[in-house]
């Protein structure tokens, strides 16, 4: 590990923005846009970044591209904020290698989603136990609980047990839907049994962020193309102004809801980031969603409306 | 059929509100609340009602309760608006009997969701062909396209073919998610081939109603507990005021998004209807969602905020 | 309950045949065939029967037909063997009423499959806890663990907990696939912790019956149309002759494997039962599988081959 | 392409055995076992091989291992039989590169399973259209129809359309379950419309091979650890001896059914191949199934029984 490398931990909070992976119009990795996107996110005030997540089109990168992208993000960030790297894989070997490579390049920790054929609590617990043991105590882990994409359901019990048994489990990306009660249960059971309190950052595009902050979330880990709003909402909550936070949130809600659409949401986000100057091309690798003229007009209308509200 | 019985058809538009089935606190069907709920909906200006849908807890009613509920709604409505009856069933015999009973009691048509093991276009087409033939030309059918609940995916081709082959198919409840492009495709392909234009009412709680109206929807069929907003939005679209429609919609969006949560959404809606005086108890039959103190407080906060915005 | 009513319990073993529900060619319930089918099963030596299971087309019966079918089977059996009644339902009220009705008519207990939206151990445990409390200590329960049909996965832990907490849980219908290790784990953990040993009867058409008997199964609960083989296999195991049991089993395996096909398996079984004189018509209610000429020829060939092997 | 490189085509028939990927006990690719396994398969008379399929643990190989494994198999086979390479990928770019690499190394064609989020006929057709266009007319394609693993259902219409539109689609790996009627429909509709007749090789471990040969299959593509039986069954069918073919098949059916178990089947096959001297270690990469003592004893018993039957 590097000196002064920021590390993800139980106190991590605020917005860990899920970074898109920028491509050129012909589908090559666009390194310069990685730089500009990084600066864009940092200017908006994010407290962390997550690269190579599902939204980062990680499964569509070759191994060398994976390294290239990770390296470039980490180099550009250069320790200014912690960077979490998505390392989910069908292969434990690859997961382990990628995690160690990430840490050696300056990552703050890794995010792991369960493989898709786990059906029972003990299978989910067993999977993460294996992963945690493979990675060791020095690599901080964020559990990704996203059943809509993985098909795997993580119970509060399993999350608690993993928290108890592995000090390197420091964060939960909470993305079950509906999942608000689960969030409350984790916080309540944790307090009741003097369990270590881990960081919980919410996903689902932030669709329920104000409600989730009140239930004990520490922030959001999501790729909404206006991360400055998420940042301000978190700041306002920290400042004890939940009402103002929700007022602000609701102004962006129409667009945020629009991006919430699975699949096409990725294309909408990349297009928005392109329009905002953060990346040069909105290209999504194939197979993947492609926006048509109607989609683009619809997005324009929603953005204009937001601009008008903010003006 | 009765004289002057309103009939669902291709011109049906506006808001067909999905009616909850009210129970007493001890779980019995509450006939008086059916009356008050009906009046509530009609006062809010709905152009139709849909009873015995999934939100109506139809699978949890006995056969005699099913008849009782349907009868009471239809009697109370008394022809003031068309009433669509959900008749989806694992048994074709039951589907047929229930449909005929509904029509004889004054229904405007029936809504049918596909059984859950249909995997291919031809299987979906085959299922609805059988159903349409069983019901005959006199019973108007609304196709319910709701893959999140049924597991069945309906293609534009299948919907088009059913429209072409069965004049009784007059409406689509559009509830695929994401589903906006599908909506546009149906409208475009229909126009391009001079196909009969059927009514399309959108579901998913109306989460994308303004966008969907612009893409060719004729209104909404959903159970949002503030149907007056949906009515006004549709009216504003009809009046050529899409901007104003969306302004209004966005005021309610935070609460609407909250109700959009699968499962618990039903309990939230019943509780809201209870608070608005439309029904006496928010009881949901078991197995079913139950709100806890946090859920109730959260709902209260969202409702207060809406009341404040509207004041 | 009746005097001398046979009751399902932890010692239940051998073959509880899953009874088809016979219809006439026009789809009406065929009461006389219920009688002949019952005599057929009893002649073949089954030690129990299960009526109104999935194979019994229970979801396609009206409420009055449900009562009629159950009543007729129970009356004809007349206490000669225990009869388990499938009571799975989307409604707890209906599940409770049907269970009590079944017991009052002479059933030996009820079989309950979980509703389909349970995802976590605690949800599955919670569901069956509610059911067990509703039914009380006097109604023996068979847990149906059939994830391929229900989408619900039951862990060994949940099965153990339910066994510990509810004395009325006396049987497991084991139908997970692959599920052999689970069977062994239940038996091993039960022994290790001095837990009450419940009856385990295997499903999946009996495809792995010899292996499962060696792992601790007490018999089979399945609808294979040659139940005499299953009976003899169980008897041979009881007589300490596992090799002979497997020899016999393997003779029928080609046909048994053929019936194992989901969906169409029901039609194949009814057709075979018809040919064997057990029922008058092989009619399956719609929607449901229909055999074509090729299917019928194929079945004939497999039956001829079996007859030849047995001759 | 190489001179005299055998190419997969519409006339391909017999047994294309799905090759395991052998590892050492410590999990490294075992090149020598690739050689011995290849010789084992060829001695058993297979008419083709399929490498890097799901059973080949392809998703658990790194990119360089993928190349290494493919190269070694192809080198060892050295044109003696056609070798199909599994190239399914979440990335079209990778699918294309891997396919071209495979062909340049001597592959006979590629096998492609659809990505997992395709729900409608037109989406499945669209996916394979893109793939076929990417690969061009010179790379023969085998469509893998395996909904139990991919979640994607392929209709007869889609398969027909792809056959009509792309001359490079020369083979179907038929693995839908139950899928016998589908197989008949493809053959019947093909004949009825003078469509090009493609090769159909069946999967599912060959569980229904005799029935499927009668319905028009050309052989099997599966990894059963006794491929000599599959070869002889196909030969007997070719020689006009279906009865003898089925007699032989049924002797192996108990073991074949045992291997048919999803997940653990792979471990059972590798262990059996190890015992037969084809590979040095039965190691399966993690995450993956591990046999316990009971599983091993059970397998031993089934193999002893088979040996006894064959003696």
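Letters A, B, C and D mark the chains as written, and numbering starts fresh at 1 in each.
Definition applied: a contact is a pair of C-beta atoms (placed from the backbone, for glycine too) under 8 Å apart; a residue touches a chain by one contact, two chains touch by 3 or more.
Keep in mind that this is a model prediction, so the values were computed, not measured.
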Given over half shared residue numbers means same and under half means different, the chain B/chain D interface is same
The larger set of C-beta contacts, choosing between A-B and A-C, lies at A-B
For chain A and chain B, what's the span in angstrom between their mean Cα positions?
35
What is the distance, in whole Å, between the centres of chain A and chain C, each centre taken as the mean of its C-alpha atoms?
47
Where does chain A touch two or more other chains at once, residue-wise?
263
Please give the residue numbers of chain D that touch chain B in the complex, ascending.
119-122, 147, 153, 155-157
Per the touch rule, the chain C residues reaching chain D in their complex are 177-178, 180-181, 184, 207-208, 211, 214-215, 246, 250, 253-254, 257-258, 261-265, 292, 294-295, 298, 305
Complex contact set, residues of chain C against chain B
27, 59-63, 90-94, 115, 117, 127, 130, 263, 285-287
